[in-house]
């Protein structure tokens, strides 16, 4: 079955949550442009059920993640904290929960390589599936910058239904 | 500094949550004796802030864990789902979140070995620390049986202040 | 030494096994086009010693893998079960056995990105080396679709001798 | 339910395979006393379906393991190669396949500590469960010495039915 | 903040060490062209403080790595031992020390794919950050060939300041 | 071959290094009693070649470890930093380097359990082998307290020759 036929059988909608991970954002010292951008773009495909700004704090990130999941989110997108500073803990917090990691990171970096070249070495964006007995949740962890979020959204919007279809099988 | 002096400097109280992991318990098909036992015993030392019965479901276990943490719990005790059946997922769900694993499991099994001998091979109880920027949470995952909970509580009640003191340093 | 000189010193032939991983294929409910395609193409370079269709079952996949290795296979190619559904277990079954993982997955996805774009996020193809005291076996795990198999075969046929040469050193 | 009631509901028999891992044994330079001892003892509880002596070679160990499993073994006991020499590869070969590791190693060493004291630091015996869609296989990896095998058999004979019962649930 | 603004705020210089990993090189049986090339190129950006040729030996590689770090190196570049032969141990020796792995390997292979096509599957180059309380060290592990070193240097020279800036935050 | 016969064939001497890991010790704010105790006791069996006090800093701990190894140490004993505070990083720094982990931690805690009971849950002492092409180094990581060091030394003095014999095979 080719990729296009696959997509025809995919679900028609989904619920999503958005978590912006930023110390400054959580203190109100920086306006969050990335979170609202994600909400705006994904609302064209699905239903927005959760949004929160949290500091670069593993416990706060995970409280928000499971609040979003409790709100019914099938998809959660985080933005921020995927870099290499000492405070960047989003990947360390979320990746251990994946039952299956998607190749999203490689595709994201292949695209970034086209846009920002070697600077791509600094981003550790990734995505994966968390599985319950019946339910599944797909989590995408994107960098914080608006440009990087745009790159990530392009891939997510293209494949989110395809991913949900297969992850639920 | 000997063990006793250590304990003198330890905090005097703590908040705790209790999560019973049981498909039958969550459907109301089995009375939960282990959860209330933990609440009763730990209430002699700390303040009880959260209690929930969830099925053997990774997403439900983690929703409850982070609800307990959001309620202010410094300590969370789970009971159930540490065995070797296909549905036993408590350890797989929680252990990847530990920043540091305690040697609680070995001590628990040394004590169990005294009580139930070779049957100890079937229990995978463990405990560990989840760290935020400032906050820490200590999670103990005990088996579901009342006897095993009694064994676990004996160790927890002896060492919980000692553990909280060091984990917060 | 440039890549081309390397390849001149590589072995001239090899034995290979093919394992198709498909619940439907194993029940005879779907014709296996991918397995025979791999046999046909690799027979131009090496000697085919093993072929089996197994369900998406870790124990069955590993029984077949070590039957192929017992039959003398230096190279084993699996097709199927590298996706993200609950039943996709090929990668989980085989990857823990690798002594060294090759960068095959990244190159496979770089090529797939050229062909199917963002849908590449869904494939987790990989390859690696399993080492005995003297012997080595190279295992390639490809997706199930014929198109993906063609992409994978192109890389395998180009590099298999080069890989065998170095892996045996 | 106490431990004894558990055991009453356990299966009444099982099929088992035995693999002796020893370079000298495989070359016929040393008589295998441990393998036959395991066969003799476990035949009092279950049906012996496989026995092989293999060298300390990851590929040979895994070929034998999956031959035993193909022969219908529910339980496989290996003896040898759990020490700390460069050639001791049994644990490295088998442990990555476990879906769940049992606390068998800790109980085995607690017992060894009673018998050989601090020398227990040198043994890395362990056990775990490999899961297919329906089937499960329990693998025990014991040291090579007859004394250590006796210690291990005592625990296995006490708990094997109990383990099989829960692992199949 | 775009990539270029980021780079303006980056440090202006750094200290670096170079380790060539080669059995033949360490015995004086092969002239080291890769090490001196790295020194020459990185000396245009930073201060060279350490250079050593060591065999493909985990203990020797790590002795040299921590000598370089003791000499004040903020950046250490190794060349050699990133392939798939039995003696290639550089990645196995260094990668477990990383507190954060950079996406350097993917970018390196994306570039190699442009230059040597499918042969890229054989290289496992990578890079990462080792963190002390205050200090950080960035380690790049490149293949041994001069061509591969040139590819790696191009990325390193482009991003080293950018990486140091963020890794120190 | 029983444990005693094994020990007769073991080497007769060894070189050892001692590293005390303590922020206060490194600043001269606390006298180091544990390091000298280890040197005194192990000098009865082997040759002392290295001693250093370092802060709880991963880079400093590893610089000292590989200085000790460069000085010819076959055995390195660290004391301190095996607890559960945020600054305890000895285990996180050293354990990833082990090619084989010994069951030393379990035996150490079995003994501690006899001495300090449930407080044993707080110690994560361990030991393992780092392998070069020919050389091997055995590293024991003990807690910082003098009592714990005494417990650890008892096990080390009993088994160090036995361990060196097998690890070198």
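Chains: A, B, C, D, E and F, in written order; residue numbering restarts at 1 for each.
Assume a contact is a pair of C-beta atoms (placed from the backbone, for glycine too) under 8 Å apart; a residue touches a chain by one contact, two chains touch by 3 or more.
Worth saying up front: this structure is predicted, and the values here are computed from it rather than measured.
Comparing the contact residues of chain A and chain B by number shows a mostly shared set, over half of all numbers used being common to the two copies. If each chain is reduced to the centroid of its CA atoms, chain A and chain C end up 31 Å from each other. Separation between the centroids of chain B and chain E, computed from CA atoms only, is 43 Å.
Shared contact sites, meaning residues of chain B that touch two or more other chains, fall at 106, 110, 131. In terms of which chains touch, the assembly is arranged in some other way, matching none of the line, ring, star or all-to-all patterns.
Which chains touch which is summed up as A-B, A-C, A-E, B-D, B-F, C-D, C-E, D-F, E-F. Taken in their complex, chain F has these residues touching chain B: 83-88, 105-106, 109-110, 113, 116-124, 145, 147. Contact residues of chain D toward chain B in the complex are 1-3, 6, 100-104, 106-107, 110, 127, 129, 131, 154-155, 158-159, 162-163, 166-167, 169. Contact residues on chain D toward chain C in their complex (touch as defined above): 55-60, 62-63, 65-67, 69-70, 96-97, 99, 130-135, 137.
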